[in-house]
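Heads up, the next two complexes both have subunit A, just with different partners, subunit B and then subunit C.
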Partner chain A sequence: MAYVATRGGERAIEQAERLYRAQMGEITPARVAEIERALPHLIDRVMGEASLYAPDLAALALAQSGGDLYEALLLLRAWRSTQPRLQTAAPVTQEVTLTHRRISAAFKDIPGGQILGPTLDYSHRLLATEVLEGARFVPAPVEKAARPAPACHPSLADWQKAQGLVEAPALAPVARDAIPDLTKEPLLFPAKRAHTLQSLARADTGGMLALGYSAMRGYGNAHPTVNELRLSEAEVIVRHPDGTEFSAGRVKTSQAEVVTTKGEGKLRLGFCATLGWNEVKTIAGATLDLNAPGAPKGSPVNEEFFLYHTEPVESSGFCIHFKLPHYVTFQSSLDALRDAKKRRETTEEPA
Partner chain B sequence: MSLDTLTRPWKAFSYGFLDASAKREMRRKILKAIAVPGCQMPYASREVPIARGWGTGGLQATLTLVHPGSVVKVIDQGADDSVNAASIRRFIARVSGAATTLDTLEATILQSRHRVPEEKLRSDQVLVLQVPNPEPLRPVEPNMSVARQMHADADYGRMWLQLYEQIVRSGRVMQGASYPSLVNGRHVMTPSPIPRWDVPKLNMAEHLTILSAGREKRLFAVPPFTRVEPLVFDDVPYRVEEHGALSCHRSGALGFFMNEIPQEDGTARYEISDSQLGVKHLDGEAPGETWYRDGEFAT
Partner chain C sequence: MTETVSPLAPSERLSVLARMTPARLAAEAEALLPELGEIEVLQSRSGLVMLPMRDTVMGTDFHLGEVLVSEAHIRLPGGVQGYGMITGHDLERAMAMAVIDAGFAAGIGGARLPAAVAEEAARQAAEDRETLREIEATRVNMETF
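Now for the complex of A and B:
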């Protein structure tokens, strides 16, 4: 199949798409439902990066793209961009989220307690190869604790603020409907705080990890301590036309707050939150946020640097665009190159 | 009062795919860009169903301008049948119902990647150029907020220095495509990666050119009859690619921008880059007025 065919382009792209889709075969509601049921963490990651909380749509996007995460994201983002914004939900604070997991590395114990919740952190990572030999892997049932953990937990930073260890940022009251929206406004620098947090929430998990890790290894100025990592469910509180506020449902959220003791006699915090449960992304994002103030432009912990370069749809799209023909620009450079070479040869001085 | 009376019937998406608020923002930014020629206007840039970097900026501009009476031409590297151009053309037609054409003279909106057609555009036509990198200062200043300040200050010293260094090192300006150009005597812009051959076509042109970078979220414009001057030193004249004497081995067209096609015997053949102009030559159809005549830019 020609790359730039004479009037054959339409047929070529049609057949190339068919070849791709043939790999996945028929997509059925059962397949989409199984993806949603079996891969909650993948669904969460995709929903967070798409900034669209819709597990069934995320599962459908994964089925349609055959698991290509960037393709799945693009499907969801393009769908999302056409949807009307009916309302802005009420802001969610930490102490009202229904918390499944909440840990702090800064203290042995914290008000409300360390709640491990669901995690593989302390598991032995052994492949259950017996499944491939025909056996079933049935997870052992969870045993109830003697005392149920509280559903809501206070914020650790509140305790630190009360102790005078953390500077409480001045509240900037903003009407719910006037919160800056990154998807409807351009991102400019220095960025509005809302834009920064929204960008971090939508960022590419892998990209954020790479840059966050570089900061952790020493390319940043502050070493993070996990002040609080929280996986929870938040109520989406919206307003009925008659004025009543009600919950339209719950969304899974992750939040990480990291802290450094480096500062002017106070603790400094970095924060990142996203839709879905995604611990790596929020810890890496909070580390970047922690390191951003005063970072030199061009350094990986400079806000402009990491926000631009962790945007998954933009970065992946630009990367694959290099597959497009570039022969006009190449020809143009070749012309200059040949001419410069000719000049060099004619003006070369004898040795 | 019921929901039915308050809302329009449900549709999968708005006319022309983009919703009304996205189009309104685009229209405002297009007007601002026309008002300050060559100045980059930031915009939200919605996600559209093609990948970023594949013409999403041009597509958003086209989708905002298009209406059922439009006639749309889409080219990539000068060719209508390049796969991505075909894909974009099909999408625009699908969501807008606009007619499509391969003929430059028939089109009302021309979306292009990396070329300006060889036939002269008229005042009733709009050229939408897809822009990968809207920032001419990027090679000397990768940070966008610093570059923005430099534009505000008309601080183009490092840009000139870069061109000077190229002359010192290589004996000539080595910039291939995307030749930085001063618009209306004020803002330096990148004309997008069109070859140097195409830049003079934007100068004092009858048509409006909109340059839109979707991934980088910047839009700028060259209004009709606006000066677009490539940055050159007084004693080193601007030089377009040496294609003036080349002829197309398929159509015989002479004196236009060519694609070089390497041959197995070590030689090369040339093929006209503006594919539809080549078709016109092959069909013996008289082309419209062209910017270049006998390989020379006709002023």
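Now for the complex of A and C:
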């Protein structure tokens, strides 16, 4: 069997793409705007995984891909690579973010109190089937409090550090332009913590949930409890050419800390954050971060294992590449199989 | 009686401009244009700003992801510069912000411009207050049995 070069299929390829796009129909500004307005959680998930905060572009990518998240991510990551990086903003610190939701499952009386924010945590999940019969689902308005909540809340971890409950490492400040950046450097192991957290921030929600869940079920070394979960809006603090710092606008961020009492006399915390509001992702990611120290190679909570396997563009791309023609490699394997079979039959022949 | 408006610090003023409603931003910039002379556009583009965050556990700064922004940088005939940067893709808004910034830097616009920015700052604060009243309504007041 020799290598066989083939050609053809151009028409089929073109018509296949037309068929795919025809099923999506016309994409209009109104459709994109409606996706952005009606599906904020999906937009947030896509922006986090694309590592690009641009709600209208995320909505466009979803419209163009018909809701295929991996296609949408690929579009956004590719588009992002066409844009210049103008600046690195000032680091977001949680005590100055405009906090919409902030809860702790570990401590009832946290400084600043428990703020549920927008959530369905304690709600019945009932499908509003009446909408399909022509009724409208009109949400009841929020009964606002007389006084506003404080815009910012203190960090629970800082309070725990002050109480001596968790380690308080003193890190030398890093210039914002010197922060390690995965989009410009390879991910090597053991990973720098900045690489680990950036990688988790851009990771696939479903992949992180699967691996984080495995740790929660017992394949890790520490059971997590949510120390603090926070949904916020963070100011994007940029520099004017004269050096003045100002906010160019706000972006939604989520962050989670999980805690375990398994430690040497102290609490141990895991952390994860992402662009957009995505609670499952940050809790699962923080659980992986908590479990990573000392995890054996090949374990789902081993850092190399979960960081490599939750990169959405690489993992989905590798998965779907198997459907592309592998005729030569497969034929070669088939030839080897036939040869082995023939040799076995020859040796098994009676003398 | 003329009401005096205490000027905002440059940082706060720029933040207010970046969040100003598009219609108002455009109106204020257009009102200034006749007084500014021929504007040289040094930059008008979209791009990305990398947004770092500080890890609350170890204190490590890491990159959360990039934010799409629009940027405008202009120069007035006398050499005074103006700058605008806003989140999202809207070159017109960024340019309007740069025009207003140049107006402040050149001392053009009289009392009207600081008054407009102060009014917008108050509107933004009121908007935040309403948001925070909604958030406060979700505070849990727990009682121990």
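Criterion: the second predicted complex is superposed on the first by the 337 of 351 C-alpha atoms of A that agree within 3 Å, B and C clash if a C-alpha of one lies under 4 Å from a C-alpha of the other, contacts with A are read in each partner's own complex, and residues count from 1 in each chain.
By definition in this document, a residue touches a chain if its C-beta (ideal position, glycine included) is under 8 Å from a C-beta of that chain, and two chains touch if they have at least 3 such contacts.
Since the structure is predicted, the reported quantities are computational estimates derived from the model, not experimental observations.
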**Request:** Please indicate which partner A:Phe306 is in contact with in the superposed arrangement: first for subunit B, second for subunit C, both, or neither.
**Result:** neither
**Prompt:** So, A:Trp277: does it touch subunit B (first), subunit C (second), both, or neither?
**Reply:** neither
**Message:** Between subunit B and subunit C, whom does A:Arg80 touch in the aligned arrangement: first, second, both, or neither?
**Reply:** both
**Request:** Pick one for A:Arg343: touches subunit B only (first), subunit C only (second), both, or neither.
**Result:** first
**Prompt:** Touching A:His321, do we find subunit B (first), subunit C (second), both, or neither?
**Reply:** first
**Request:** With the two complexes superposed on chain A, say which partner A:Gln255 touches: subunit B (first), subunit C (second), both, or neither.
**Result:** second
**Asked** Now for A:Gln331: first (subunit B), second (subunit C), both, or neither, which partner does it touch?
**Response** first
**Message:** Between subunit C and subunit B, which one touches more residues of subunit A when both complexes sit on the common chain A?
**Reply:** C
**Request:** Determine, under the contact definition given at the top, whether A:Ala149 touches first (subunit B), second (subunit C), both, or neither.
**Result:** second
**Request:** Indicate the residue numbers of subunit A shared between its subunit B interface and its subunit C interface, in ascending order.
**Result:** 80, 84, 183
**Fill in**
Interface with subunit C, subunit A side, in the complex: residues 47-48, 50-57, 80, 83-94, 98-101, 108-109, 113-119, 142-151, 155, 157-158, 166, 169-171, 173-174, 176, 179-183, 193-198, 201-202, 228, 234-236, 238, 240-242, 244-251, 253, 255, 257, 269-271, 273-275, 289
**Request:** Quick one: which bits of subunit A touch subunit B in the complex? Just the residue numbers, please.
**Result:** 3-10, 12-13, 74-75, 77-78, 80-82, 84, 183-190, 297-298, 304, 308, 313-314, 316-321, 324-337, 339-340, 343-344, 347
**Complex interface listing, subunit B residues touching subunit A** = 12-14, 17-19, 21-22, 25, 42-49, 51-54, 56, 76-79, 81-87, 90, 113-115, 132, 142-146, 170-178, 193-197, 215, 217, 241-243, 257-260, 273
**Asked** In their shared complex, at which residues does subunit C touch subunit A?
**Response** 10-15, 18-19, 45-69, 71, 73, 81, 83, 85-89, 101, 128-140, 142
